[in-house]
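Note that subunit A is present in both complexes that follow, paired respectively with subunit B and with subunit C.
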Partner chain A sequence: MTDKLEAERPLSPHLQIYRPMLTMLMSIAHRITGASLAVGFALLTWWLVAVSMGPEAYASVQSFFGSLIGRALLFAFTWALIHHMLGGIRHLIWDTGTGLDKVTIERFALGTIVGSVVLTILVWLAAYNVMGGL
Partner chain B sequence: MVQFTLPKNSKIKKGKEWNPPAVDADPDRWREYRVYRYDPEGGENPRVDTYWVDMNDCGPMVLDALIWIKNKIDPTLTFRRSCREGVCGSCSMNIDGTNTLACTMHAEEAQGAAIAIYPLPHMPVVKDLVPDMTQFYAQHREIEPWLKTDSPTPQKEWRQSHEDREKLDGLYECILCACCSTACPSYWWNGDRYLGPAVLLQANRWVEDSRDERTGERLDDLEDPFRLYRCHTILNCTKACPKGLNPAAAIANLKRKMVERL
Partner chain C sequence: MATPLKRVRGLGAARHGTETFWRQRLTAVANVPLVIFLIWFVVSHAGASYEVVKASLANPVVSVLMLAMIWSAAIHMRIGLREIIEDYLHNKLCKVSSLMLATFFSAGLAIASTLAVLKISLGG
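Showing the complex of A and B:
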């Protein structure tokens, strides 16, 4: 009887009921950006392959990356890369045993969000500056 | 393994409204509580029942409200409680979306209009708000939470300097309520192999104890991709701890000890 009861015990709710917190969301974001980098680097590989295949392939890839969708993808890739990098730095700091108090972890979370957006925009402004206009 | 949804027998059904106050009742006087219920004898799925607590007649803490409901409305409501002052760790549960102790949480602190109460997350439920803690306690036993020495036992006490004693501050206060471990997604998905924040904080407490002489052995036992390294610094543990301790920092310290001894 006891065994049967134990086997039938329901599992208490978890994700369904836990209040989302910024720190927790940053951890999930770190994973998602990390995984999406694999997709981003596939784009980079595609570009490199096209470069080696000659002017026609290169031109078609360039026109895709130049399109609105292409640029949006690259912008998202840049943001994911920077977000993941800042997250990585955060983890390096934590690995030294510092920055784990309740106040600092919130600052790190906010800093990663703001920093990733600002740096992404700066990178794109710099890129447009170098490449010359839109 | 990661399973984001609840198993079929655990899906929550709509429950009963026990004592809805009169339409013209003072809304500030009646506080709404939505409480997880599970009856092991009925063969039915868990449900969420709604109660209204008369705040003119009830103490300020969430535990007061649960006791009020049990005394005045529904004697079948089941939960663990003992000290009612945050020392015993019995009344840990998920209140208003966060794991904490019912006895030290003011009902006024809740963000939700209705206060939702569930058992500690991702645990087998014995009844209502009572989870089965067997595995949690077994994991605590596994780290051998006692002083281990090879030197002959001294005539009087094991001596410790004030500085060494201070290293145990923030560790010895843990009451093993399991709020941190059951707030941790890594523990949700891999609780069978990952020790979880509460047990790792205890492990760190014995690693840091200057009187213990088996530090190396303790670290050996933790050197494992799951037991220790499933911690991904999600930090739900530190945010949940009702005693204000920092399991994440304790785990970071263990990871550092691992590297330092290489």
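Showing the complex of A and C:
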């Protein structure tokens, strides 16, 4: 019975109906970065397990992270992590019931994009600085 | 007579109310400082030798923060993956098996990384 009722319900307008808007893209980006962080978590686990296994395992994980693909993956991971974190802080602010007006949500969206890019570059500059330059 | 509506009202579909919603917020709040710590730790050990990294991870404060980060992130990830799967996968077999995989994946990473931190911390 419930199956039949569900089938007869009209569908609400979905994604393809709307003109892409910044806030909508941010919502999608929050999901995509969140899901991508699963790969990042796997990389972190691999790194920790390698340290626990010994110098040889650590050397092989470090050589992967040092490679071009490894660095690109880590750079994407850093950006996804920071973007998802800033987006999450935005959601926590919304949970208090503030910052939900049109002007503020647009500012939050821009702040998340600019902030995540700037912070990602700063993190990488700091890392290269620790390693002793580019 | 208890109709399905009456049974469900005020309880949420799974009778757990806002438990998952709350847990996602709680782990989100915890993740902010813990992830900043992780980024700081990784950056400050960029290019470091095996001995240095191992000794730093064995520090009790670092181990505790690392374990907190792993568990908070794993719970947060499991809820997030679940939400995405439930929104986009409607074929029952596909949905249920993906949900299982998401749980196995989250638990697997949490257990493996926990064991690694414990082994380093306890000097294995």
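By definition in this document, the second predicted complex is superposed on the first by the 120 of 134 C-alpha atoms of A that agree within 3 Å, B and C clash if a C-alpha of one lies under 4 Å from a C-alpha of the other, contacts with A are read in each partner's own complex, and residues count from 1 in each chain.
The rule is simple: a residue touches a chain if its C-beta (ideal position, glycine included) is under 8 Å from a C-beta of that chain, and two chains touch if they have at least 3 such contacts.
For clarity, every value in this text was computed on a predicted model and none was experimentally measured.
Chemist: Should A:A126 be classified as contacting the first partner (subunit B), the second (subunit C), both, or neither?
Modeler: In the superposition, A:A126 contacts subunit C only.
Chemist: Under the stated touch criterion, which partner chain does A:V103 make contact with: subunit B (first), subunit C (second), both, or neither?
Modeler: In the superposition, A:V103 touches no partner, neither subunit B nor subunit C.
Chemist: Taking the superposition as given, does A:L68 touch the first partner, subunit B, the second, subunit C, both, or neither?
Modeler: Neither partner.
Chemist: After lining up the shared chain so the two structures overlap, which partner does A:A38 touch, if you call subunit B first and subunit C second: first, second, both or neither?
Modeler: In the superposition, A:A38 touches subunit C alone.
Chemist: Between subunit B (first) and subunit C (second), which does A:H14 come into contact with in this model arrangement: first, second, both, or neither?
Modeler: A:H14 contacts subunit B only, not subunit C.
Chemist: Once the structures are superposed on A, label A:T78 by its partner contacts, choosing first (subunit B), second (subunit C), both or neither.
Modeler: Only subunit C; A:T78 stays clear of subunit B.
Chemist: Determine where on subunit A the residues touched by subunit B overlap those touched by subunit C, and list them.
Modeler: Subunit A residues touching both partners: 91, 95.
Chemist: Touching residues of subunit A toward subunit B in the complex: what are they?
Modeler: Within the complex, subunit A contacts subunit B at residues 5-6, 8-19, 21, 23-24, 27, 91, 94-97, 100-102, 105.
Chemist: For subunit C, which residues are in contact with subunit A within the complex?
Modeler: These residues of subunit C touch subunit A: 25, 28-29, 31-32, 35, 38-39, 42-47, 50, 53-54, 57, 66, 73-74, 77, 80-81, 84, 105, 109, 112-113, 115-117, 119-120, 124.
Chemist: Give every residue of subunit B touching subunit A within the complex, in rising order.
Modeler: Listed in rising order, the residues of subunit B that touch subunit A are 4, 6-7, 9-10, 12, 36, 38, 40, 45-46, 94, 96-98, 111, 116, 118-126, 131-132, 183, 185, 188, 232-236, 238-239, 246, 248-249, 252-253, 255-256.
Chemist: In their shared complex, at which residues does subunit A touch subunit C?
Modeler: The touching residues are 31, 34-35, 37-38, 41-42, 44-45, 48-49, 51-52, 54-55, 58-59, 78, 81-82, 85, 88-89, 91-92, 95, 123, 126-128, 130-132.
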